[in-house]
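Okay, so chain A shows up in both of these, paired with chain B first and chain C after.
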Partner chain A sequence: MSVVTNTTTIGAIEAPSRRNTELMMLAFAVAVPVFAYINVGLALDGKLPTGVLGYGLGLGLLAAVAHLVVRKFAKYADPLLLPLAVLLNGLGLVLIWRLDQSQRLIQRAEYRWGSFSPDAPKQMLYSAIGIALFVAVLLVLKDHRILQRYTYISMAASLILLVLPMFFPARNGAKIWISLGPINLQPGEFAKIIIAIFFSGYLMVKRDALALASRRVMGLYLPRGRDLGPILVVWAMSILILVFETDLGTSLLFFGLFVIMLYVATERTSWIIFGLLMSAAGAVGVATFEPHVQQRVQFWLNPFAEETWRQSDQIGQALMSFGAGGTLGTGLGQGNSDLIGFAANSDFILSTVGEEFGLAGMMAFLMIYGLIVERGVRTALAARDPFGKLLAVGLSGAFAIQVFVVAGGVMGLIPLTGMTMPFVAAGGSSVIANWALIAILIRISDTARRPAPAPAPSPDAEMTQVVRP
Partner chain B sequence: MNKPLRRIAIFCGILILALLVRTNWLQYVEADNLNENDRNRRIQIDRYASERGNIIVDGKPITGSVKTDDTDFVFKRTYVDGPMWAPVTGYASQAFDANQLEKLQDGILSGNSDQLFFDRTMAMFTGDKKKGGNVVTTLNGAAQKAAWKGLGKKKGAVAAIEPKTGKILALASTPSYDPASFAGYAAKDEKAWNALDKDKNKPTLNRALREIYPPGSTFKVLTAAAALEHGAVKNIDEPTDTPEPYILPNTRTPMTNLVTGCENVSLKKALEISCNSVFAKLADDVGREKMLETAEKFGFNDPELFTPVRVSESVYDKEMERSENSLSAIGQFNTATTPLQMAMVTSAIANDGKLMKPYMVDQLESPDLDVIEKTEPEEMSRPISPETAQLVQQMMENVVESGSGKRAQIGGGVKVGGKTGTAQHGANNSKRPYAWFISYAKTGDGSQVAVAVIVEDAGGTARDDISGGGLAAPVAKDVMQAVLDGKE
Partner chain C sequence: MSELTLTVMRLGFLAVLWLFVIVAVQVIRSDLFGTRVTQRGSRRSADQRPQQTRQPAAPPPQRQQSGSRQRRGAPTKLVVSEGTLTGTTVALQGQTITLGRAHDSTIVLDDDYASSRHARIYPDRDGQWIVEDLGSTNGTYLDRTRLTAPTPIPLGAPIRIGKTVIELRK
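Let's turn to the complex of A and B:
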């Protein structure tokens, strides 16, 4: 036991923790939104906004707390995830605050609901709660593999979260909310994490059966009938969500997530083909009888048609907002993205990005999201245990699908669905859940990049190593 | 598990890439289309986001801008003497878009034009608010007022041009409308708009530029010019060899005259008493092709005349029988003209045969009154030689001295040449005829003003009394007088 050669990790010698890199980038991630905040104030009132100090300190404090906790409890974590999330969250706050200043939106709110209340302070509070949850996850979850124990509890929990909104009244045409007194939650946001945990635990156990017990037909490995069970159940679930909650987004997210994880677990391309066929069949099938879905497709295909405009001008307004931004944008505070009116600062916040930051800003935003996904998948690659791999790819895959579905919907690439842009859009559930998601990815990456501890002096270990070449 | 992981990474990359391509498509390729979409309120919002520049006449603005407490439109357009100036300014409404100068020069007026890029950039550094530039017109306030007052409650139009440059001096149209009445987007604006829209008298129609009328006898001036130019008549005082009655070529229809004494009369006399037969015969002598050539040189059949407001196409028919050509030459058949076109004919004759392109925007100014663009007078064509022009002038001056245009005399060394017209229209002349008068005024310094007046329907005037000399000539006289007074 004198020479410990570990063939599975990058190296036993002092792996760099990259915490100082993270700190430096965090400084930028806080500074950029603070400048953006000042920019909005100057553009709107011609003077330094009074709230800038409080805003800067608040965001800085949250970033500092998060950083210190990572430094202490997840020393080897990926250095990019936290700064990217802070940057998005910070800019999101600025955009929401900017839209709070819009006379058009204020008058609209006063006209519709009798009063207007700014969303930025609420969002600041949600961000704080999000960071608190982030800290809690890192403190409580010392190793992500603990989550494996809760596979079936997760299943139950996610089912409940997904089904619950059916029993609450629809808000703005979609049943994706549960209302408990003054608190409104979008359980779908939390469900996407919990369901990823369930899929990871389930697939880790079943992957061999799903992968190996199959028949080869026309060059494809087709799964056995009884192994089709789980995918059919998940498919049925997402169809149910689509029909009863009229929520295209969650349905897509849910099913896409499962197909991705199934593919990664089994390495069988046939699952992807199967999944695509099933989702296509499901979508077309539902669209034939569900007017809500048909309507969304109509809006998407003819955003400027008379008929569409009479019912909802949102997509058309969003498209014109992007057009108005052009290459370089109008500059913060100087656009008219508030013409969208309803949901301008939540589902449609991306059009404010498009109009005021322009094409350049939109590309930067999308690249930030892309980077988060990339760091997530990289974490999956680096993870040493199949559960960690599956969970990391599941979470980042869900994140990517969500970004695609929301941004694609707002930009008219695909039909619009009721979901929010992670970290940027106003809404508590989204911010809080996504901070938890980042915390889990950070935990997995920490475990993955942590230098392996010296193996315990167990005879079994030695024997295994002897066998290796 | 790493192979599928890599593939998933690529898949996620493709999702992001699709979004990147889409945002490029929207914000670069499609941006202009989206910005020009009819449903895009930004067009209106931009138009009223900053203090709109003004349209200027004689150094004074005839428009204005007031601040409102609206969230979408910060400023609203106001007008000084709106109805009088409407044919020049057009309107700029928050709800109903804009037209004429307000629309064509919107870039300058709203401050969004690329020509103001430098000013905008400077304003960014100095912290000034964006402001619109001014459009300085060529119009003459006194002449416009004379035209407006002269038309009064009658339906009609006046166009006056400075012959040497083509500057439009007056452009009136009645009945008119007040563009301020629907400048906003409130319920009352919509009501005013709808009322104007439904009005049978079409008050929003710019008759001076956009309505075409049969020119009647005023067209004989052009026919006389063509006859002299193409050699059909050598001497204006020699008999023209016209029989009485004159039978239209290839027909048995006699060309009736409303006056007596047209047989074999001289060209000068024929214009003075307005003989139909003489001009019908001359047009046939000149021939359709040559008539058409001269008419087109004077500006007929040109669909693309911009002042910069587009002028409707005046018509001299291109395909017709000899007899129809003869009818056209006395302003009947298909011949139709805008008042501005007749003013152009007059101005070319008064300017010794040189037709200047009519224009009404003298210069564009930046918000700090720097000149951005100045319109230089531009020669449009030379329909007739100076000699021909001077002969026609002699004849037109004779009309005012001793013919039907006596009421346009100014005196005091000012030579006035003119021609009246009473254009019949409607089936069997059932409708009330149009009263025309075209004229120019010449001082020692050359021709100062050419004007065309049409009175469509003089309410209250007995039908037989409707005549160019009686109804339209006094208006033309006042307009010319106003221009001349301004020169002193």
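Let's turn to the complex of A and C:
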């Protein structure tokens, strides 16, 4: 007879704070975009770009401020979230600056609007505002559980944010903007964070009812009719957004987020099946009578058809630039992704990545997004309170859905929707909102990884000896 | 700019980008903390083989010697000498060690005769290690005597819980 002999040594390891690892990774994350910036300059003009010092210092300064705040106020936070976000933001700035240099886009802007204004300085400003919001969230939000108090307020706030764009004129076919004087906002970007707060607060309270009160039919747990209420309401909301704002992206994000969080809260696969069926029914239903959505589907199915090409050659050009990139890419500054024209540096920025970095670079980009989502889910696993768990899953889920919707749309996997690639695409709302999202994740991970306080010394030991008969 | 330089920069950039991803994954790998488990031995048969056929066990890894505070002759580790967990050692670093079938015990006993919270071993103020039975069903034995009160553990004395025997060693 043979037994396993466990000759093992078990020793406790205290949780390290990992701040120095974060600093090292941050230095790396600033160096990579600076290298890319020099690369663009050399490829376009054959000499070192003049702005490289200012650009490097600016990005480095933003990263340093964020790092110091994390070091002071979220000591045990995850060491990777901040460097990954800084890298994406930095590379986004380089790509936008590279597209600003394109003669084609400059001529196009001068022809269309009479003047051309570069987007890179604006994006740098938005990044600075984003970091400021990041710092503010970490300073104000000492404990993520405070957000739980605002469950229903955030429901109201997110509804308002989602409904508001209906009253503003449509831009490029989708009503996702609100304009206050010179400032244009995409409230959907902020709504995704606020709605994650509402869903986590709501599901934390209701999850037992949703998970346990069910009948088993054909191996599936079917929820009771009245428990279907919330999912029906959210579904109806997302259909309304799709119909009235003609925005496929926000609607998908909103509903997908709810289904993910329902699944995580209740551990019932039936919710996912219901969610998929309902979104399929909704999408098909709306696509049959909403002309804007119909058009998007047509563009997606026949990107190279003559009909499509006459109206918008964006998807076709994007697919061509992915193809032109090949495996290793054409090199920074040497692609022709500026042929996309409109929205080349916002919704379609991924095709510049695909063309100039090739498949290899594209995969690296997707890996970096994947790592951010992984750290978010890891944070959810480590979190000790159910609200924090749900919120971390919700925020990383929203991030993941957004990446999927944009990347899928640009690559022709799903119909294109008006959403921006987090951190990389030009656009203020997106960068600012995503920095806030990362700040909340860092706050949750700080709470989750902070070592538990030492238990109070128990007086039992001595007491038993005293009481001994 | 020559074609060669641009090609080198293009491939260099991809290499740097992937290096970042790989370093990030390494950080995740080193981020998995919890309990450190050092495997030292392997399977051996239990049917009374002569001792010399056992694989030579490597010496236990040297813990950080904070011995200046510790008294001479104080035990440094707890060793399971009989039962399914034979060979497991736990370094004694001033923490309370709980034994039982409960999953949050320091040593989780897979033993039909053990209670879920069976006993605990802790240092008193002078650094003397004490074993205390936590109201278990089948009792905790130090040598041959069943414990009724927290008792100091002499070095090398067997503490028996069901089929498991543990002792403190230097």
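What we mean here is this: the second predicted complex is superposed on the first by the 439 of 469 C-alpha atoms of A that agree within 3 Å, B and C clash if a C-alpha of one lies under 4 Å from a C-alpha of the other, contacts with A are read in each partner's own complex, and residues count from 1 in each chain.
By definition in this document, a contact is a pair of C-beta atoms (placed from the backbone, for glycine too) under 8 Å apart; a residue touches a chain by one contact, two chains touch by 3 or more.
Quantities reported herein were computed from a predicted structural model and do not represent experimental measurements.
Trainee: Is A:Leu84 touching the first partner chain B, the second partner chain C, both, or neither of them?
Mentor: second
Trainee: Considering only the touch criterion stated at the top, classify A:Val94 as touching first (chain B), second (chain C), both, or neither.
Mentor: neither
Trainee: So, does A:Gly358 touch the first partner chain B, the second partner chain C, both, or neither?
Mentor: Touch status of A:Gly358: both partners.
Trainee: Going by the contact rule set out at the top, does A:Ala120 touch chain B (first), chain C (second), both, or neither?
Mentor: Neither partner.
Trainee: Mind working out whether A:Leu332 is in touch with chain B, chain C, both or neither, as first, second, both or neither?
Mentor: A:Leu332: touches chain C, not chain B.
Trainee: Classify the contacts of A:Arg18 with the two partner chains as first (chain B alone), second (chain C alone), both, or neither.
Mentor: A:Arg18: touches chain C, not chain B.
Trainee: Determine, under the contact definition given at the top, whether A:Leu161 touches first (chain B), second (chain C), both, or neither.
Mentor: neither
Trainee: In the overlaid three-chain picture, which partner chain does A:Ala29 touch, first (chain B) or second (chain C), both, or neither?
Mentor: The second partner, chain C, only.
Trainee: Considering only touches as defined above, state whether A:Asp313 meets chain B (first), chain C (second), both or neither.
Mentor: first
Trainee: Find the residues of chain A that appear in the contact set with chain B and again in the contact set with chain C.
Mentor: 46, 358, 367, 374, 378
Trainee: For the complex, which residues does chain A have touching chain C?
Mentor: 1-13, 15-16, 18, 21, 25, 28-29, 32, 35-36, 39, 42-43, 46, 79-80, 83-84, 87, 328-332, 334, 357-358, 360-361, 364, 367-368, 371, 374-375, 378, 461, 464-465, 468
Trainee: In the complex formed with chain B, which residues of chain A make contact?
Mentor: Listed in rising order, the residues are 46, 103-104, 107, 260, 263-265, 267, 304, 309, 313, 316, 319-320, 322-327, 336, 339, 354, 358-359, 362-363, 366-367, 369-370, 373-374, 377-378, 380-381, 386, 389-390, 393, 396-397, 400-401, 403-404, 407-408, 411-413.
Trainee: Help me check something: in the complex, which residues belonging to chain C touch chain A?
Mentor: Per the touch definition, chain C meets chain A at residues 1, 5-7, 9-14, 16-18, 20-21, 23-25, 27-28, 30-31, 33-47, 57, 60-61, 63, 77, 80, 84-91, 93, 95, 106-107, 122, 124, 130, 132, 148-150.
Trainee: Spell out the residues on chain B that touch chain A in their complex, using ranges where they run on.
Mentor: Of all residues in chain B, those touching chain A are 1-9, 11-13, 15-16, 18-20, 22-24, 26-28, 30-35, 37, 39-42, 45, 71-72, 127.
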